[in-house]
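Okay, so chain A shows up in both of these, paired with chain B first and chain C after.
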Partner chain A sequence: MRGLLVAILVAGPVLAGIAYSMLGALGVVGPGASGVSLRHLQVVLADSATWWGLLWTVWIALASTLLATILAMGTAVAFRAERGVDRFARLVAVVPLAVPHVVAALGAVLVLSQSGLLARLAFAANLQTSPADMPPLIYDRYGIGLILALSWKEFPFLALIAFSVIARRGALLEETARSLGAGPLQTFRVATLPALWRGLLPSMIAVFTFVAGNYEVAALLAPSSPLALPLLTMERYTDSALDVRGEAFVLVLLAMAVSLCGVAAHEWTANKFEAAE
Partner chain B sequence: MQWRMWRGDPSINDYVDRWAAPRLLREYGITLRTIDGQGPAIVNQLVVERDARARGSADLVWINGETFNNLRKENLLYGPWAHRLPAARYVDSLSPIVMRDFEQPTSGFESPWGRVQFTLIYDSARVPAPPRTIAELARWIRANPGRFTHDQQFTGMTFLKSVLYAENGGRRSFENGFSEKRYAEGSQRLWAWLNGVRPYFWRRGETYPAGVADLHRLFANGEVDFTMSYNENEVITKVRQGVLPRTSRALVLRDGSIANAHFVGIPFNAPNPAGSMVVANFLLSAAAQLEKLRPEVWADGTVLDVRKLPPELAVMFRGVDTDPRAIPRDTLRRYEVSELAAEYTQRISRDWKARIRANPR
Partner chain C sequence: MKASRSGPRVGLTLVLAIGALLPLALLVALSVSVEWFYPTLLPGRWSSANWDFLGRGSEVIFSSLWTSVALALCAGVVSSIAGLFAGREIARLDGWRRRLAVALAFLPVAVPPLALSIGLQYSLLRAGLGGRFVGVMVAHIVPALGYTTLFFVGIFAVFDWRVEQEARSLGANPFDVLRRVTLPLLRRPLVEAFALGFLVSWAQVPLTLLIGQGLVNTLPLELMSYVNAGQDHLAATAGLVLTIPPLALLVVAGLAVRRLRVVIA
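For the complex of A and B:
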């Protein structure tokens, strides 16, 4: 009984929000609502900006998650010992956890922009003479600066989990592999990597879902074309034309579908790995 | 009193929090608090409050243009009340810029607070002979690739409207409400102008700064040679704050410099409309308008007709205009043009996103 109450308290507001968004998408409630119609749905689904935005957002989320994972695994493997140096490295690695996302994004602007720290260093070293000589790393088509900022920000979260995986399971599995005659590279391939992968996958999916929905970092670092899905949603929701705002609700539901895919993947992997153990 | 207003400029915040609020408390016993929120957010908030039948969360809102139009359309404003304010007798009632908001008569549903005019901002050290018309600007952009762009929000769209005016022989052909036909014809010339110069924009016009603050940053960091402002005096306040280079100057384009006024309105569900009116009246008073006009405060234009004021006050208004960077008042007046119906802004913004922004070549 108590469990049910807690579930309702937690899920209630979210479900209310989803219901409101659905009604908004159908033009029943919200700013500019003008009665039930599928118009908003049709406009959004027929708009190429929607699909480019979705594709681009998925690309950013995939690339940042993978980069953060590789960094986390690398750090966990390289600094696994109980020596002082390794402990210090592990401590430094989790520092970005305390930095708010928007601060990380502003930092990326200051460092990576065409008039940023890197560009100024290159200028001082006579490598370039004007801001335009610096390759664009923010507001760029591929979202390089955005991916760097997001993976820097998400990496410590994955690293923390990687540290504990190595400490709890890594040693035992590796010892077993070595006793069965595996070399260092083979040990890494058959014991360390699979353990890390299993331990990290649920968190990777969580990171992917979070990054796909992130607004503030994209707002500071993403290009205006293609427009990332969260930015497109906000733009429609704050459009000065009231009749466009229903489209924001459709986009919100689309973003929710992406998150639900993430949740489904999370459940599936969690079950699979539990069964394997 | 809760005032929902844009909180993005420290000098405006200081004027409200440190100058106006203590005086309201001392003279009327009113405690003024501000809540962040502008334009579309105000409309969304009020729609949600109406849908939820909730108590109003704001006594006063800072609005103009499309926001006023939307709030009126949705019946979300209390009124009419503005003409009843004692301070309203000094308002520049002959000015279409103060009495109309994007062509819509204010009809007493909002009270004017300030007036501003669109200017380009350049660095006189980098561009000693800046372009003075849209045609000259196009030539300059072609001759200096990568050194010009505009933002995607309010200020950038106002720049596009300036181009629309210039490329169609002024604003006359778009007057008196929105017309699909006139828009279709006129906007073709705007898109043609943009397509002609866009390859020479910053980042070849493939991406645009989000808001004008981002454009200011690009300008201050030397990535572009122009920024812009929908306040002819922002260049002065931003130089004083150290945000823009000291050699920055503003200029008005001879094809016409768009001017508008901004207003305060009272939401339909304001808990205390009488108190809201006291605040609005205070904001319109000569003392408050004068303080706001000072370059070291905010440099926001007054909506009062200085000639109507008692002579001792009029003298003080005339004495403010002392910053050497300011554009002379007659120059501003000579080139000022007013806004079009709000639908024009909405369509330009929507079509720019679909036609230009979404199609980088």
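For the complex of A and C:
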């Protein structure tokens, strides 16, 4: 029983924060509070910026998770052997894991901006003559720079798991598939890929959740329209009109709902696959 | 057959290495130069000027570095020790109680940092801790403790409780058991938990921003203002400094892992 109490203590500040955000969303506490009303809720839910922000954030999180997963699977499959080159590749692939998110965002600015390294390389190759010739890859509508930065940052985490899946289960499953007469492509399809998918899915969901909630990378790389959900929340929360600040609480609850769905999905897939092992 | 396959593999390795390391190499180049105008591929003037702050305590980047270090050290120490006790208690539960407790400990990790910041701001400001080092430290400890608690739940899940029972049956009191049996056995996980707590605080942005209210300036915040001001050389220098501790920890962890002959490297 003491363990439960301890857990409540660990989660206490968050539980208090959730309660505070709920009360704030209802207009009971917080900046511009004026008694219980559903006004903030109505305003936020009727605001198209909310839904564009949510949709855009989900798009960014989905695209960067998928890109990171493909890179991780590709690296794990291509460099699975025990030769020097494979070990070196696996080592190098893990490096971005150590880079803080805000530094990854800086790296993206330096490489992808219109006067960044990529633009300079294009100039050197006579592909462009001025920064304006470079297609915008940061602050762009589709969040290409943001997606590249996030998948660069998150792919080592998934790669580490993919390495261990291949090392633990890959060989046996593939041998079985081959002994049953499968060709190389079929072996990959029926043995390697499903094993990687099962091993990676819980972590993919974790990455999705983290990426969707990240503030600093979006702050440095996202466009001002559409405004990503974390940026929209910050903008509302620091608005000079006190009444608008109350709307931030509704957005906070929305972000929490997204991440709690992520946690539930993570637990569900992790348990399901653990049972299957 | 082997020779014909190694060509593209070396090429692939090169692509991977460039992809993973180029942004960092760029940071290094920018941090040791002062002029690098479009469209030149290499810096025009090399200089150590960006690192001068290390010798001069008056600069913003210097004070923000020390604020970051102090915050991360505090968060690391507090969250590793508190996480050990919390994880130990939770690991002793079973059935639904354990699942509930783990889910609760998961909250500080899972809730987006910005949402956490807005939720925490009220209580910390009411307690008079807004815009102060202590307030930001408390805020950093919240997610750090979530991580270390979960970490120690995992450690204690495979911990052999019989050693403690044995010590008790030989007449040791609970304090002695902790000091002479449990802690020495857990020295390594404690160091790892410290590193975990340190890193959670080290890279933190939204909590510092909202609880610190612009008065507590850390290196990540300094980096962001350099980027917004277009001061690429200083931003790169700050970025490198920010990358050094986690990279060092990764190397140490990687070496430890290699010693255990697992599969990373």
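By our rule, the second predicted complex is superposed on the first by the 276 of 277 C-alpha atoms of A that agree within 3 Å, B and C clash if a C-alpha of one lies under 4 Å from a C-alpha of the other, contacts with A are read in each partner's own complex, and residues count from 1 in each chain.
In this section, a residue touches a chain if its C-beta (ideal position, glycine included) is under 8 Å from a C-beta of that chain, and two chains touch if they have at least 3 such contacts.
This one's a predicted model, so the numbers in the text were calculated from it and none came from an experiment.
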Partners on chain A (chain B, chain C) - clash or fit: clash
Contacts of A:Ser225 with chain B and chain C, given as first, second, both or neither: first
Which superposed partner A:Gly183 touches (first chain B, second chain C, both, neither): neither
Partner touching more residues of chain A, whether chain B or chain C: C
Chain B versus chain C as contact partner of A:Leu4, first or second or both or neither: second
First, second, both or neither for A:Ala49, with chain B first and chain C second: first
First, second, both or neither for A:Ala93, with chain B first and chain C second: second
Which superposed partner A:Asp239 touches (first chain B, second chain C, both, neither): first
Which superposed partner A:Val29 touches (first chain B, second chain C, both, neither): both
Partner chain(s) touched by A:Pro135 [first = chain B, second = chain C, both, neither]: neither
Contacts of A:His101 with chain B and chain C, given as first, second, both or neither: second
Touching both chain B and chain C, residues of chain A: 29-30, 115, 131, 219-220, 237
Residue numbers on chain C that touch chain A, as the complex places them: 6, 9-10, 12-13, 16-17, 19-24, 26-27, 30, 38-41, 85-86, 89-93, 97-98, 100-108, 110-116, 118-120, 122-123, 142, 145-146, 149, 202-203, 205-206, 210, 220, 223-224, 227, 232, 235-236, 239, 242-243, 246-247, 249-250, 254, 262-265
Complex contact set, residues of chain A against chain B: 29-31, 48-49, 52, 113-115, 131-132, 136, 139-141, 219-220, 223-227, 235, 237-242, 244-245
List of chain A residues in touch with chain C within their complex: 1-4, 6-11, 13-18, 20-21, 24, 29-30, 75, 78-79, 85, 87-111, 115, 117, 119-121, 123-124, 131, 152, 156, 160, 163-164, 167, 209, 212-216, 219-220, 230, 233-234, 237, 248-249, 252, 255-256, 259-260, 262-263, 267
Residue ranges of chain B touching chain A (in the complex, touch as defined): 39-41, 43-44, 47-48, 51, 65-67, 70, 73-74, 146, 152, 203, 206-210, 218, 221-223, 342, 345-346, 349-350, 353-354, 357-360
